[in-house]
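Naming follows writing order (A, B and C), and every chain is counted from residue 1.
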Amino acid sequence: MKGARVWRVAILVACVALLEVLCLTGVIDKLTMQPPHRMAVDLVNMLVSGSLNGAIAKTLGNAAVAFVAAVVLGVFGAIIIHRLRRVRDTLEPLFATYYAIPVFAFYPMLIIVFGLNAAPQIFIGAMLGVVAVIVNTLNGLDRVPNVLLKTARIQQMGARETAWRITLPYAAPYILTGAKLAVAYSLIGIIGAEFIMSNGGMGYEISFAYNNFDNKTMYPLILLILIVSVSINMLFARWEKSILARRGLR
Amino acid sequence: MSHVAQVYPHALPGRRAGDPKPGTPAVAHVSMRDVDKLFSRPGGNPDDTFHALGPIDLELRQGEFFAVVGPSGCGKTTLLELVAGLSTATRGEVAFEGEPIVGRIPDGVGVVFQEDASFPWLTVRDNIAFGLRRLRIDAQEKTRRVDRALAMMGLAPFADSYPAQLSGGMRQRVCIARTLVTEPRLILLDEPFGALDQQTRLLMGDEVLNLWRKTGATVFLITHALDEATMLADRIGVMSARPGRLIDIVETGWPRDRDSRIVQDERFGAITARLWRALREESMKSIGALKPGAQP
Amino acid sequence: MNRRTSILRNTLTLLVAVVVLWQLLYWMVGDVALRSPAQTLEFTLRFVTTEQFAGHLAETARAFGMALVLAVVIGLGIGFTLGGHRFLGEVFEPMLIALYSIPKITLYPILLLAFGLGISSKVAFGTIHGVIPIALFTINAVRNVRAVHLKTGKVMALSPLDMVTRIIFPSALPEIFAGLRIGFSLTLIGTLLGEMFASQRGLGFLLMSAIGLHNVDLIMTLTLLLTLFAGTASVILLAINQRLRSRMSA
């Protein structure tokens, strides 16, 4: 609805304006937060100067790898689990309680095994995201109507061809929902790991800046992560919506 | 066990277009001999089986239009799946064009289901073209066939739409078109118009007759609508309540160039009445209103 | 009875599989990064009786309890308001969904600056993790109350309060509860993460210092305890959820 969107933009602008006023008048002191316009300027300067581009590339790159791993492992895992009823029933309680487990506790062990490099972080990011992908993919696979599977057999398609040409295309929007969640989880995994222990990356820089009262660096970095994650999420959501609209489902 | 009952002695004895030439060996197009289908109950002991269907003996002549009617749950869909090769008979033999069907879908068979089987992620054109994936014909021939199917089913203006944008009846046409492009010799229809309203059903019936004549295929239709069966078919098989057996086969004797206006024929009512006479008792059994053996 | 015993059997199989996998990993990786199940069990039994544990547990429990209450109250409030008013819902729900996708761990330094290093920042962190899913699920739950029930309420001339408490809330309860279940897990994780990064007390802090001191016994024990608690709570909530749902769709 057009009206709602206008209101949303207006509210966002109003919130940012309010923050701006509160910061400029000193109600929020300089040590706590910069004025929003300052954050934006610092961000542009930071990107232009390229001083932290290495850290940014490192974090976003690792998050991308973790994301791909979560999606690939998640989809394949779900396809296998879907065929093995007993395994699926056994794993259900694990999936239901998975997101209560403090996965970051495994981080130090992973560092010892893999060393202090990208591998343990990517592992954590993928571990966080993979279950969301599995659960949503299973949901999609469950929904494939029987009549389409019968049609596949009539068309003389083998198991692999059926999975590739019928099952996956049908389940695609649901897989996309899982992938959308995996984007957020990969970022959380990488950045959280960098907060705990790392030698570089955006999380590391934010932590460093915080400890040194360096708001000039900290806020732009946070802002950048927010922008990236919201943008990617909106892209995925738009893609998801267009697929579902084509199917007359939303 | 099968027998042919002449409804009207003056039904046409002469040859109709599409009949096998005299002197051709009478190899049934589809034959089922002494076929039984049992399912094992899930989670139970292996001896606990569900007798869905049979024993069935049936032969379909090449190019005929055969309909099956019966109470719900009698095994009509199971019967169709046996002929399609989607399921294997527990006992007995099912053969298509002389070759026994064993768990494989034979070439030259097309199926249209009751539920919408169109692929929501493909356009109408791509849906129809999907049927041609496996055939070794060049791209030009493929396009030609798809265009012809689009024209035959009246879908040409919607070729680039998605199924979700079409009505239920149109989607069924897409499924039928997808079946037709492979030029099947046997077309199986499992209550394809079940989800449509009565007027659309009658018109679709006309279209099916048209296609039947144009393609010369053998058509096997399952329906619960007696008037639909009577209008469309050359012969109608009546199934009993579960386990389904053929208790009657009725010859309609209609001319090949019929359409939905055949409902006005004076014999139409008599045929449907005969079907219902045979079916009523079985229907009551199947909904539990009658214990087996009791008098209706 | 058949279903319940098979659920029990599946959960037992899962637990056994986890323990076996754990033991295998221990044999592969060794004492440098892991402890065996038996060792961890022994250390845990010794540890839970210490005063140190009791103190930190109390701290975490306080923070978690407060965060949970806040998340539930605020979440339900937002959920009922946005679910009940069509336009408000249309305006604000997409914003909530966008907020849900942000890796909230990046906001943590901001919260620290705003609330200081005490218990309030932990509570804030826990709350922001849990409040959004509760709100989103509640919005959906309220929207999905069947129109015929609402019409019945109007015909009976129920007051607005009665409408909410006697019709909307009972009808939407199963789905609201699903949101509460997820909110519970996420609030717990949020509180723990908050404790990990800037607190001198609490189980999260204990975990973080154990990571820093490389006290593998303590890391394993804390992970085990937290996982057990979160897992058990999750399973219980899931069971309640199932019962609510089956009662409604009977």
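Following the convention adopted for this analysis, a contact is a pair of C-beta atoms (placed from the backbone, for glycine too) under 8 Å apart; a residue touches a chain by one contact, two chains touch by 3 or more.
Because the structure is a prediction, the values reported are computed rather than measured.
Put simply, the chain farthest from chain A by mean CA position is B. Of all chains shown, the one whose average CA position lies nearest the global CA mean is A. Chain pairs A-C and A-B differ in how many C-beta pairs are in contact, and the one with more is A-C.
In this assembly, the C-alpha centroid of chain B lies 55 Å from the C-alpha centroid of chain C. Centre-to-centre separation of chain A and chain C, using mean CA positions: 19 Å. Averaged C-alpha coordinates give centres for chain A and chain B that are 50 Å from one another.
Contact residues of chain A toward chain B in the complex are 145-148, 150-151, 153-156, 166, 169-170, 172, 243, 246-249. The touching residues of chain C, counted against chain A in their complex, run 6, 10-11, 13-14, 17, 29, 32-34, 87, 90-92, 94-95, 97-98, 100-110, 112-114, 182, 184-186, 188-189, 192-193, 196-197, 207-208, 211, 214, 216, 219, 222-223, 226-227, 230-231, 233-235, 238. Those residues of chain A whose C-beta lies close enough to touch chain C in the complex are 1, 3-4, 7-8, 11-12, 31-33, 86, 89-94, 96-97, 99-102, 104-109, 112-113, 180, 183-184, 187-188, 191-192, 195-197, 206-207, 210, 218-219, 222, 225-226, 229-230, 233-234, 237. The touching residues of chain B, counted against chain A in their complex, run 84, 86, 105, 107, 109-111, 113-117, 119-121, 130-131, 133-134, 162, 164-165.
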